[in-house]
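This report concerns only the one structure given below.
Going in written order, the chains are labelled A, B, C and D, and every chain counts its residues from 1.
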Amino acid sequence: MNIVLSVIQALGVVLLAPLVAGVIKTVKARLQNRRGPKVFQVYFDLIKLLNKDSVMSTTVSWIFKITPFIYFASGIAAAALVPVVTNTSSGIGDVFTLIYLLALGRFFLVLASLDAGSAFGGMGGAREMFIAILVEPALLLSMMTVAFKAQTTNLGIMAIMVQSSPLSLAYVFAAIAFFIVLIAETGRIPVDNPDTHLELTMIHEGMTLEYSGRKLALIFWAAAVKQLIMILLFILLFLPGNVFDGAIDIVIKVLLVAMVIAIAETSTNKLRLFKVPDFLAVSCLLSLLALVAQ
Amino acid sequence: MNILTILLLFTTLLLTRVSELKTAVRIIAIQSLMLAMACTAVGLETGEIQIYVAAVLTVIIKAGYLPYVLLDIVHTLQHEREDHPILNISYSSLAACIAIVLSYGLIDQALPGAGSRDALATAVAMTLIGLLLIITRRQAVMQIMGMITMENGIYLVGLSVTKGFPLIIELGVFFDVLVAVMVLSILTSRLKLSGLSTDTSILKKLKG
Amino acid sequence: MGELLLFALFLPIATGLTSMFQTTTAALKFVNLTGSLLISSSLVAIVYNITVAGSFSYKMLYVDDLSAVLLSILAVLIFTAVLFSLSYMEKDLVNGHITFAMLRRYYGLLNVLIFTLISVLTVGNLGLMWVAVEATTLASAFLVAFYFNHSALEAAWKYIMVCTVGICLALLGTTLLYYAQVSVVGSDFQALNWLELTKMSSELDPAIVKLAFVFILVGYGTKTGLAPMHTWLPDAHSQAPTPISALLSGVVLSCAAYAVMRNLIVVQAVINHEFLQYLLIGFGVFSIAVAIPFILVQHDLKRLLAYSSVEHMGIVILGIGIGTTWSIYGALLHMINHAIAKSALFYMAGVITQEYQTKNIARIRGLVSTMPLVGTMFIIGILAITGTPPFGIFISKFIIIGAAFSSGRMLLGSGVLLLLAGIFAGMMYYCLAMAFGPKPKYRAANATIGKPALMSMIISVGLIIVTGLYVPTWLNDMLYRATAIVMGG
Amino acid sequence: MIAGDLYYLMLLLFSAGVVSVLFTRSNAKLTNYIAHSIALVGSITAILCAIFVFVQGKVDVVLPVALPFGPIGGSIDYLSAYFLLIVGVVGAATSIYAYGYSQEYYNCRLPLMAGLYNAFLLSMVLVFTVSHVVAFIIAWEAMSVISFFLVNHEYEKKVNTRAAYIYIVMTHLGTIFIITAFLLLAIGAGSMEFSQLKGSLVSETSRNIIFVCVLIGFGTKAGMVPLHIWLPRAHPAAPSHVSALMSGVMLKTAIYGMCRFFLEFLGTGPVWWGTLILVLAIITAVIGVLFAFIEHDIKRLLAYSSVENIGIILLGIGAGMVFMSTQQPVLAGVAFSAALYHVFNHALFKSVLFMGAGAVLQAAHTKNIEQLGGLIKKMPYTAVFFLVSSLAIAALPPLNGFISEWLTFQVLLFLPQALVGITGKVFSALLIALLGLTGALAAACFVGAFGIAFLAKPRSKQATEAIEAAPPMLVAMGILAGLCIVLGLWPRAMLTILSQTLMNFPGIDSMGLVSHDWYALASPTGQSDGGISTATIILLLLSGAIVAILLHSIFGKGKVAVGEVWTCGIVPNYHMEYTATGFSKSIRMVFKSIVHSHDETVVNANDNQYHGRKLFYHVRVRYLFDTALYRPINKAIIRTAHFMKSIQTGSVQLYVGYIMVVTVVILIWSTGW
């Protein structure tokens, strides 16, 4: 039963993820006084890509070929764990499982980036790993602020606990901490710039540089999914209390968070790579504060 | 008896003052002679035959044969004399005096009322001064002197506290002393032959 | 039995004399081989008799299980040493280091040394024992000076000077002990016979006995190689012909320790035990500690081994000092193990120095490639001597440490372990440096090791390996009885 | 008892393996097959023996030695059996692997190596099974010495001898502490039988001393920071299948020892014991993985990663002890299960990795990953197995590494129940964060290792000429890699064994984790929905993959053009590929306080500045603990030794003087008594 629910939910997340990405793009454009693309532009892009033929390097191995599928699969699997509809999904929604599923996807993506044997790919992969290494502790710390209280790492229980508890200083700290992590994890300014192909700054784009056509589509899509997952986690675990009831509440919150991301992105500019640790250190400190404040 | 001990002490002190090897050997001979006389004195007291034997042996070996051998060696090594002892003459006799004081102290502390106090103290002092000679003299021959002095000292201890060992042990000891000095003197002559001086303080090749 | 003792004492003299009149190397070798075989077997026979019939006294001679322990060491080492000498000294002869006359003298003196050693272990009288111990010094002096080159003479001189001074002190001590005895019973009585002494030991005057024991310990301790009286030891061991070095550190040191034990048996009844323990433990630990720097920084192979002997004698004395049954058992077992292992190492060192024509560790490289068998055995020997399981020395070391713990001296026990670790580090460092590394171009390129020498090494190493996992019952019982004797039971 | 007979048979077999080489030494091929077959059979016997023990209960055996300590025996209880199982599994695999790998050594003292290999297995088996202090120490030291010889096997290289020396000295120092700990217990108990040793029989202080000694002694063997310096030197030096054994099993002997002491002998102790272990453990994990990440020598990299994994295992043990001291048996059980589970997992995947490294070494004749590349095409199967075990060691689902890591995380999550108060909470949170950091670093490390070594273009000639490893080696790797997957999907199997293993120890209730359905991993607190289900994970991944494939093929089958990588118009060659140095550069910069790499220099090898410049990038990493800790100590010792040696001046007068002084001093001192 739970499995079916969670699969449905996963599909839902997958289908909606590009929309959220589109929203962010649009809002960002508006903030920069551009008309920007349509909200659904991302879907069109994906379809276009899925229709395209693809080019593959001579040097690549089967790793390169299977990576998009694994990346996508890990995205979906992670999506299934987020307790949106499946609130008390027993034996499924677990923080560490989720984190390590995403890590699985990343593992293969970085391998693929090294596979093509181009300097950019390697650079992107190395930076991705660098960021991931620094994000991991921050992410876990912020999660622990909630998990210690719930005495479990089951997302469902944690979510319920959070939703039913009043807003407190601890949550404010934790939320900010996790938001920083979210920015870093989803590769947005000020950590990474999702829509640049400027060699020196790109991270995620660098890894996917060798991909084209439908494989690229899968990777884009998975990235969008990952982004939505992080946003959902933010909502469910760090924004206690709900304004409306049921799905509406979540939708509205998602849109709000998307706007906040867009604002954050327009109002800041990209950090140097070696400033990122300091950025994430702030997150860690806030999480610890949250722990203390509980 | 007392006179003998005084004389023994005197010879021993004298030994710390000489730098001429020949003289030293002669002094040793005299010292051993004194020892033999002390032996006989004890013999007269107790009237045990073995002590007379010991006395005779002392005269023959320590006062007779060994000095002869040593003189022989001293002759072979020309103008070797204890010119620069590690501790110079006057200081070493001072040290000797300290040794005497020490030995008296030791006797009173450790063996009160054992044998005649003076004899014992002299014996211990002789032992110490023997050691002192070995430590402060560079010349191989002088070190041998020191050793014989020690031997004599210990012998005197035995004499004054236990009236001498049983004969068989006595013989053994004498034999050992004889052989020891023989070996040492052979080594000394070998040192001479191997083109070195008999100054033992330059024997510092083996270290660490 | 008594005849057997006399026979054992007479044999080496006979061998020595006959070998003085030999004219060919072959004959010399034959005489000594048979001689050593006879001596060893007679010693074995004596040991066997003791194990079945217990202690035995004959005129001035006396043997019991304590002597038996040492005699069994002697039996093994005499045989291996002579066996080793056969090819080793012949090689010296061939290389022109020595003349035939010197070779003859070598065997003569060797047998004299053997005679003195046997007599140390068989006399029943402290005075005579002193004579015998001093005799070992004198007998071995010429063997130390055997090559009569500069350093050999120097070594011999120091050997005699230091040892004789020490031994003189021992004589002083013995005299005082005699005085103690005389002042209890008249001088005509069994003088210094330790059976009598042990019987009446409780009546002796403590003050004198204590004074006596201090002199005796310092005296025989000099011969045992206890720091800081050990100074003669490295010189003598490094200059003497290798078989003699083996005998020196294997037997001579042990015999001196035996002398200490004999006196200890007598005095422990009257002297404050605390005092004795502190004294012996102090000497033991200090010897171990003093050995470390010389082993950590060493350039001469044989000196390395010599300092390790200092260390091991320290362990033995420590074991005796702790003074529990367990620890003394360990000390005796340690004597046996150390004697065998160290002699084996000295034999190998001899072969190595002969092949490489140097004692300088820095010049010895690639043993395992130049002479695989010896190289391998050398590594095993080093591992054994540093107390690594599964070899004999570990067992005895462990027993002694364990005794230290169970007698409530934990700090002592673990401290000693740490010191031993330092020694282990040093030994292994040089062992690896010598055993491995590049094969030397010219040195020892075609090493030829005589069969007898190889045999003696193999025997010794085999014994080391066996004793690591298997201590035969008769030995076990013998050691326990010997321990009881030392304990004064 | 079948188990007992099997035990003797096993000992017999391994001994036979040692002896066999003496007879077959003339023929290398024969030696290889006979000796390693015996080892294989012996290992299988070990597995069977362990299984029978688990089925029939513990057995006692007597060993054929005569020492003055009375009869010396062994006893195989569940804990021993568990570790016996590990020896068996890894030993069997390495033995198979050895068939192929030994061909490298046909003219390099193969008989010696094969004999020592058998002896090594024997000694480890003994360490796990003997039940007498002396026997344990003998087996322990024998193990160290044998492995020391194996490390030193290729003594033509000076560095190997050096490594062996450092190894043997460190381990000897460790043994001293072990001996001390044992003796302290033994005098308390008045016996050297394991069954008699009880912490309750000794005073509180000596219990603490024993604890510290155990930690130092076994920590040295386990490679606990800062006692780890021998490990990254020794493991790479040994032949690869031996490295696999050393990392996979020998390090675990230390864990075994700790378990014996902490669970059985010492009994429950104060909280600071566990806390201290936790601190050391996390330091070990982080330091180890950091050094692994910046390493280029693939075997050194693996060795450092072993250090890291030991850290993770110790986390479990430390937490378990904390729970024991606060009377929380269930959580303690979980903690120790996590640790022991990870012990097994690490044994599996680290062995595969070392074997893979060995295969690469054999094929490409280099351990430097900068020289490798593109091997995935040359050695496809090796690549697969290496990848699987890399995923496992990076703790990625659905592999076994993930399970044990998850358990460890859970344990740390519940740590605040034992360490109450805000400090406890913050401490646990930091532990979790750092463990997460470790995990991420491990992932990055092995992405780098695999990516640089196996992917893209070959970076050197020998890498170009590499060929797939021999079938036996592949089989060996395949078996263990398969086990990694099995244990990842079927945790219950292992957890059942573990629950039995830990059953009999006081203060531990190990039943909590065994859940009813085979795929599930119940929550430590037993609450219904705290656990995870491996089946669900794999199911979700599969469905995700299906969806992806559907999407991929929904718009018909597009053409796939194949072409060179676009490198701004130049023909791409391996010089353009990213290097391991580059891959780890950013981490080197962030953690420069720990892995500070001095003199990173760009050298122009070509003297002509303007034409045909040839740049090399040199990095020398400063190994913190060598430079900051061990070298100074070493220097100090040697200097002192030089100073002390001045007492032996060679002056006979002085020598006699010593005697005189000693006499006088003692005489004066003696008057006081």
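FYI, contacts are C-beta pairs under 8 Å (C-beta built on N, C-alpha and C of every residue); 3 or more make two chains touch, one makes a residue touch a chain.
All of these numbers come straight from a predicted model, not from anything done at the bench.
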Contact-graph distance - origin subunit A, target subunit C: 2
Intercentroid distance (Cα basis), subunit B paired with subunit A, Å: 99
Geometric centre distance via CA averages, subunit D-subunit C, whole Å: 44
Whole-Å separation of chain centres (CA-atom averages), subunit B against subunit C: 31
Distance between the centres, which are taken as Cα means, of subunit D and subunit B, whole angstrom: 70
Residue numbers of subunit C (touch at least two other chains): 157-158, 161, 165, 211, 234, 294, 297
Per-residue overlap in subunit D, given as positions that touch at least 2 other chains: 645, 648, 652, 656, 659, 667
Numbers and ranges of subunit A residues touching at least 2 other chains: none
Chains grouped in pairs wherever the two touch, ordered by label: A-D, B-C, B-D, C-D
Sites on subunit B touched by subunit C in the complex: 110-111, 114, 127, 131, 134, 140, 143, 147, 150-151, 154, 157-158, 161-163, 165-166, 168-169, 172-173, 175-176, 179-180, 183-184, 187, 190-191, 194, 196, 200, 203, 205-206, 208
Touching residues on subunit C, where the partner in the complex is subunit D: 157-158, 161-162, 165-166, 169, 210-211, 214-215, 217-218, 222, 228-229, 231-232, 234, 272, 274-275, 279, 290, 292-294, 296-297, 329, 333, 368, 383, 388-390, 394-395, 398-399, 401-402, 405-406, 410, 413-414, 417-418, 421-422, 424-425, 428-429, 432, 436-437, 469-473, 476, 479
Complex contact set, residues of subunit B against subunit D: 86, 106, 109-110, 128, 131, 134-138, 143, 200-201, 203-208
Contact set on subunit D toward subunit B in their complex: 645, 648-654, 656-657, 659-660, 667, 671
Residue ranges of subunit C touching subunit B (in the complex, touch as defined): 60, 125, 127-128, 130-131, 134-135, 138, 141-142, 145, 148-151, 153-158, 160-161, 164-165, 168, 171-172, 175-176, 178-179, 182-183, 187, 191-192, 207-208, 211, 234-235, 238-239, 294, 297-299, 303
